[in-house]
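Next up, some structures in structure tokens.
Two complexes are shown next, each including subunit A; its partner changes from subunit B in the first to subunit C in the second.
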Partner chain A sequence: MALSLHYLKRVLYSCSCSQPAPLTDLYFCRHCKVARCQDCVSITVDTYFCPHCFETVPVSEAKNRKNRCNHCFQCPRCSSTLTTRSIIVPSEVLAEQSPKKTESPSSKSPSLARSPGGTKSYYLSCTHCKWSTRDVGIKDKRSPIDFKDPLSPHQERVSQLVSFYKEFSMRDQAEREKAKKVGRRGRSYGGLLDTSKFVKGASSDSPKQLRRASLQGTWNKSVVNKVATQSTDCPDQIPDGFYSGEPELKKIATLQQRLLDPAHQPARVEQFTPRPLHLIGKKLLRCKGCDHILLKAEINPSSIRFKIQQIALHTFPQIRILKPPSLVAGAPCEVLLSVSNPVNHVVSISFQQLEPSFTKGGKVSLAPVSLPKGSYQLSPNDDMGDLLDDSEEELEGEKEFIHSRLLGKLVLKFNVAPEEGTTGEVKFGFVLSFDYKSTMELEKQESSCIVPAPVVVDLGKLTHSDD
Partner chain B sequence: MSAFKTPNKKHSGDFKIAKGVVVCSEAELFGDITIGGGTVVHPSAHILAQGGPIVIGERNLIQEQVTIINSKREDGSTPTMVIGNGNIFEVGAHCGSLSVGDGNTFEAKSRVSERVKVTDRCSVGAGCSLDSQETLPTGTVLHGRECHRYTKKIPTQNNNQQQLDYLIKVLPNYHRLTKSTAPASTATPNT
Partner chain C sequence: MSTRRLAFSHHDKGSIVIEIGRMYTKVGLSGEPAPRHVIRSRVEMKPYGALQDVWDPKYLHREELYLILSRFLQNIYLKYLMVPSKDYRVLVVEPLLSPSHFRNTLARALFNHFSVPHVAFMPSPLLGTFSLGRQTALVVDIGWLETTVIPLYEGVPIMSAWQSTSCAAKTVHNTVMECLIETGAITDTHTQEQNPAGTLGLKELIQGSLEDIIVSTCAVRSMDCDRTPPEVSFPLSQQYTLCLPGPARDACAEGLFEEGEGDLSLPSAVLESLLKCPCDCRRDLSENVLVLGGIASLPGLNYRLKQELERLAGDKNERFSAKLGALQFKFHQPPAHPSTAAWLGGSIFGTSEVAVLERAVSKEKFREMNQRLPDWTSCDPEQHEQLRPVPTRKLLPAAPSSLYKSTTKTQSAH
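Take a look at the complex of A and B:
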């Protein structure tokens, strides 16, 4: 594996959008029968889950939960996950507390009476930085799920604005439809496509102005004033000694700690509250061409398997440089490439020269290469293969170009002639065509087609000869 | 670590080890060491009184690969290193501090030099290193790669009594123990 990681950037396959990418980054759409790179797939979130308690949350519900878990919390100081600690409060302590509580009508007192040995109470604590909810004066809770994210101080204002703009957009749409109807009768206010607003000296009643005028007419100003931002004459006072006093660095929150809670932005450590843990999404990849699913993980968060996994590594023959070749400018050099078969049936491959358009008008300089002629067959990549008898069936291939043949692998000779005056890396390219046997359940009979895969191999710099 | 090892024997010097203390013989002890009751010293811990005596209090937990060292001084002075009660030294901690109070936690791979004075209920986080001339106030917590520190208003109490009781019961079944070499006098820890 280490070898293939090393060669990741040496052998680049071409995506259907002609973007070069290592084989590991490519997907293969078996409906379009082309390779798809990271840019040629559409990514959506399949499900959300909590990384701590592994609770799965559907996409629709995650938005309501603000993409955070209800039960797990993050440390506001060091952002590691908080653990719930429980302590047993002896009944004597509760008895001491209960007279105080009798003043306020509390429904909890009967539940306390039921447990004679004492009740459990819970608090959150960080095992990493030792922060706990007790540090900031949050009282211990009767149940571990009693901890809640405090409401945002701007909640009211935000919901006010949201409802205002919802109404605004509804009215806006109504006005637009009205304008359309007017346009049908005589004038044309075609909406956004109308270019008259860009013309100098055009009629003053452009649709936008008209709309605004009508809005002002119909909307009571008081409605707008209700949500409009009010300016104040006296801004918030800075506490005395803010600039002159010595800062207590231990008590001031760092910027990172503040931004962990964007709604409250606690400036001091006493204002810290446990942060609900972020949910994590599982990706779902679709082919942009045909909208079929390329990658779909199992919904169970603790599983790392995939339901559908169409990666190019499972279909495309993998090309590796067998050993670093010695490259001399102007002379044909033998380069050994190994081609391995990823599937457990025989795959026949052939090589063609790259089309001139591939080099983007000479921007990418590729060394001329003579490719192995004819077609070759790769033996199946079967784990049990070496246990079978050596009764080898004859596989197709010109012996002249074959260096060696291994199980599911073929080493071929290429002749590359680096041009004189090559300064950078010596690269050469070819089209690897292989027959792809589709094994879809829908198509009952196996259909086979030839998939071309343009490949560019980077051989490194020229070998310096001593003379 | 090998520099601290005594050439032949793992143990050399006077040890005053109180009753009910579990000191595994695989631990390396050197010099004048007094250990108070209920303390557990795991195998491969190093307690090295090279530059003066070491007095360890009660109910301390000293785990594997911990180094507690009173190092040799150039001026020839022999100060006594005093470690209080109920401290935890986690795996790989290094403590050179001459004064450690009660209920402190030295997390794994933490390092405290001899210039630091540790008071009570402090927590030195995993991998944190302290090398400045200072006194850690009660309830100081150090954590993270950059040794962020703060002081806890209500310091947490180490609750390792259960673990200590278990270790005192179990460890002698599988390890040879070191006995007190000093005359039979119950070692009284300096608290």
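Take a look at the complex of A and C:
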């Protein structure tokens, strides 16, 4: 695998959307029998979980919590995860601090308050930058989940505007519909059948009534003016402190710290509040052609395994450059490529020339190549293979082009003739066809089909002969 | 009847509101007072790994933009919003004049790659007024590369009075940078060696934290101020500290108020725009000025703009005094940070399903239109017709209601 990482950009397979990609980035759809790259699969978030406490959060709850964890918090200063610290407050101190609370019987945790050792209280602190909730004057809480993201200062105003515009658009629509009706039939008598006005006890102040009134009655300008903000004659001036003394930069938030909390955008360190940690998701990949699942992770957040994993690396014979060839312009050069079998049964492969349409109208110039003729068989890639006796099973393949044969691997000779005047990298391409045996349980009888995989190999620059 | 049907037939999930700015992208769900995330408009392009600017002029008119935008949106959907793209309509907050190839490609990415049901494109100045709850405002949108001034009267943009100037956030950055190169000094805390800020290598260091320098230390000087702020030492890295001279700190926005070569200054663009408006709406507009954009959060900017506007309008030597001399200038404070005010407008607008769907293009329609969005400047009559279908006089067949009746009858018979 190390080799394949090394040659990541050297051997590029072509996706069904004709985008070149390394084999490690491709998926293989068993149903469409084509390779799919990152851009031709649809990706959705499958399960949500907190990256710190590993709690799996159901979809509906994640939506309600705005994709944030209830228990874990992020440092507003350095954005690392905060740790919860607990201290035991002796009950006498607690009684002194808040005499009213302990007197009232309806205090939140009476059992805790009465316990002989005192009660636990919690604060959050950052192990990385030493920021803590005590720095900004947030009181210690009785429970670690009592730390809540404070509401936006404009929340009320915004919800007022939202309801105003919702009504506005509804009224707009109703009016238009009315106009349409009038234009069509002359007049509508629908209003006469409306019995809601006779319902007993419906006060005229209920929002439904109000809406009805506003929908039917006149939408006078005063309603609009009530909602509208008033402009000010004197906009804010520079604060006084600006000219008088050097600002303490340590107390001013950086832009990154401000943008971490878009609702408040704290300008100063004193305004920092702990941010609930953002959830992360496990992804679910589907083929865009047939909607079958290509990749599905296990639900358990601490597991890194997959339930379904259809990656091209498990199906496609993998091609590697065995050693860097010496390339001379105008002369045929021998290039050794190894083809390895990923599956534990015999796979037969063959090579064809790339169609000229593949080079995108001459955008990618490929060197002419003579490919190994005929079809070859790859021995199964079996972990136990080397323990068995060397079976003298004859595998198909012309001896002329075979350099060597290993377990589950075949090294083949290609003849590439780089053209004169090639300045960039020497590339050559071919179509690797292999027979794919479907091993799906649903398909009872084993079916096999030939899957073509266009491959472009980048051999690097021409070798300069110094003699 | 229709309102009732809309209210009960299904639960509206709201819309996703996206504003892809030159520097920062704001994303969130409608109805919320602030975007969920404000992120840089950049995306990592595999397998090359380099960060790619979404608005890179190199790719702005090329086919590769599709890939860049779909990767960028994928990041937003999977990492930040974490919602299924098929379930939510999208409201894109865009500048008044956004490049048509960018719009088309964005729509293509949203429809084809993410199967979004409806996409609506709305200009940011118009949405800015939604955050105020009023229909009339003179919107000054200070972007990164250009500032646009557009008067909106009773919800209608007066396009003939549109003005734009290159005095924008970049001007502020350039002014501060020039000021620092001339007068700033960088101290090496290890060797106590002092170098001018213009030294090669150190310049890039300043460029990297220029945004932070402006945000945390700068303000806009008022016209009648004769004081100089004290100098500040700003830590650039572990090793270097920048000594920021006092005058640079309050002169950062001077570039906005100076006439450039063939270019208007910010106040004259505002007045020019007012001059082009019908005379009976000038007062309403000048008393409702709304300044949008991240730069508007610089302390004292609105105050200085007001002073400059009054000076220019009252100046007998300038061409504005005859018509605009009597005007008063009043400013609005949107209920959000100025950089997210346009987004907030989109968030408020996005909650109303009827209003968004009326202005949106559906996936099917987009396919019918050969994957090209209609532009308000487009002269193709065919496209216009497709966007706004002519209301047909044909009456709907009465099938649904009669069908309903027959089924209830059979039910009662049983």
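Operating definition for what follows: the second predicted complex is superposed on the first by the 371 of 467 C-alpha atoms of A that agree within 3 Å, B and C clash if a C-alpha of one lies under 4 Å from a C-alpha of the other, contacts with A are read in each partner's own complex, and residues count from 1 in each chain.
Everything that follows uses one rule, which is that a residue touches a chain if its C-beta (ideal position, glycine included) is under 8 Å from a C-beta of that chain, and two chains touch if they have at least 3 such contacts.
These figures come from a predicted structure and were not determined experimentally.
Visitor: So, does A:66 touch the first partner subunit B, the second partner subunit C, both, or neither?
Guide: After superposition on chain A, A:66 lies in contact with subunit C alone.
Visitor: Considering only the touch criterion stated at the top, classify A:409 as touching first (subunit B), second (subunit C), both, or neither.
Guide: neither
Visitor: After lining up the shared chain so the two structures overlap, which partner does A:265 touch, if you call subunit B first and subunit C second: first, second, both or neither?
Guide: It touches subunit C, and subunit B stays clear.
Visitor: Counting only touches as set out at the top, which of subunit B and subunit C does A:142 meet: first, second, both, neither?
Guide: Neither subunit B nor subunit C is touched by A:142.
Visitor: Should A:173 be classified as contacting the first partner (subunit B), the second (subunit C), both, or neither?
Guide: second
Visitor: Going by the contact rule set out at the top, does A:243 touch subunit B (first), subunit C (second), both, or neither?
Guide: Touch status of A:243: second partner only.
Visitor: By residue count, is subunit A touched more by subunit B or by subunit C?
Guide: C
Visitor: After lining up the shared chain so the two structures overlap, which partner does A:129 touch, if you call subunit B first and subunit C second: first, second, both or neither?
Guide: first
Visitor: A:437 contacts which: subunit B (first), subunit C (second), both, neither?
Guide: Neither partner.
Visitor: Looking at A:31, would you say it contacts subunit B, subunit C, both, or neither? Reply first, second, both or neither.
Guide: Touch partners of A:31: none, neither subunit B nor subunit C.
Visitor: Which residues form the common part of the subunit A surface touched by subunit B and by subunit C?
Guide: Common to the two interfaces on subunit A: nothing.
Visitor: What residues of subunit A sit close enough to touch subunit B in their complex?
Guide: For this pair, the touching residues of subunit A are 77-78, 125, 128-130, 132, 134-135, 250-251, 269.
Visitor: Residues of subunit B touching subunit A in their complex?
Guide: Touch list, subunit B to subunit A: 123, 125, 141, 143-144, 148-154, 156.
Visitor: Can you list the subunit C residues touching subunit A in their complex?
Guide: 1-3, 6, 24, 26, 28, 31-39, 46-47, 67, 70-71, 74, 78-79, 81-85, 113, 115, 130-135, 211-212, 215-217, 219-222, 225, 227-232, 234-235, 250, 287-289, 299-300, 302-303, 305-306, 328, 330-337, 340, 344, 347-349, 351-352, 354-355, 391, 393, 395
Visitor: Of all residues in subunit A, which touch subunit C in the complex?
Guide: Residues 8-9, 21-22, 25, 38-39, 42-45, 48, 62-63, 66-67, 152, 154-155, 157-162, 164-166, 168-170, 172-174, 177, 180, 184, 190, 215, 224, 227-229, 231-239, 242-243, 245-247, 249, 252-256, 258-259, 262-265, 279-281, 283.
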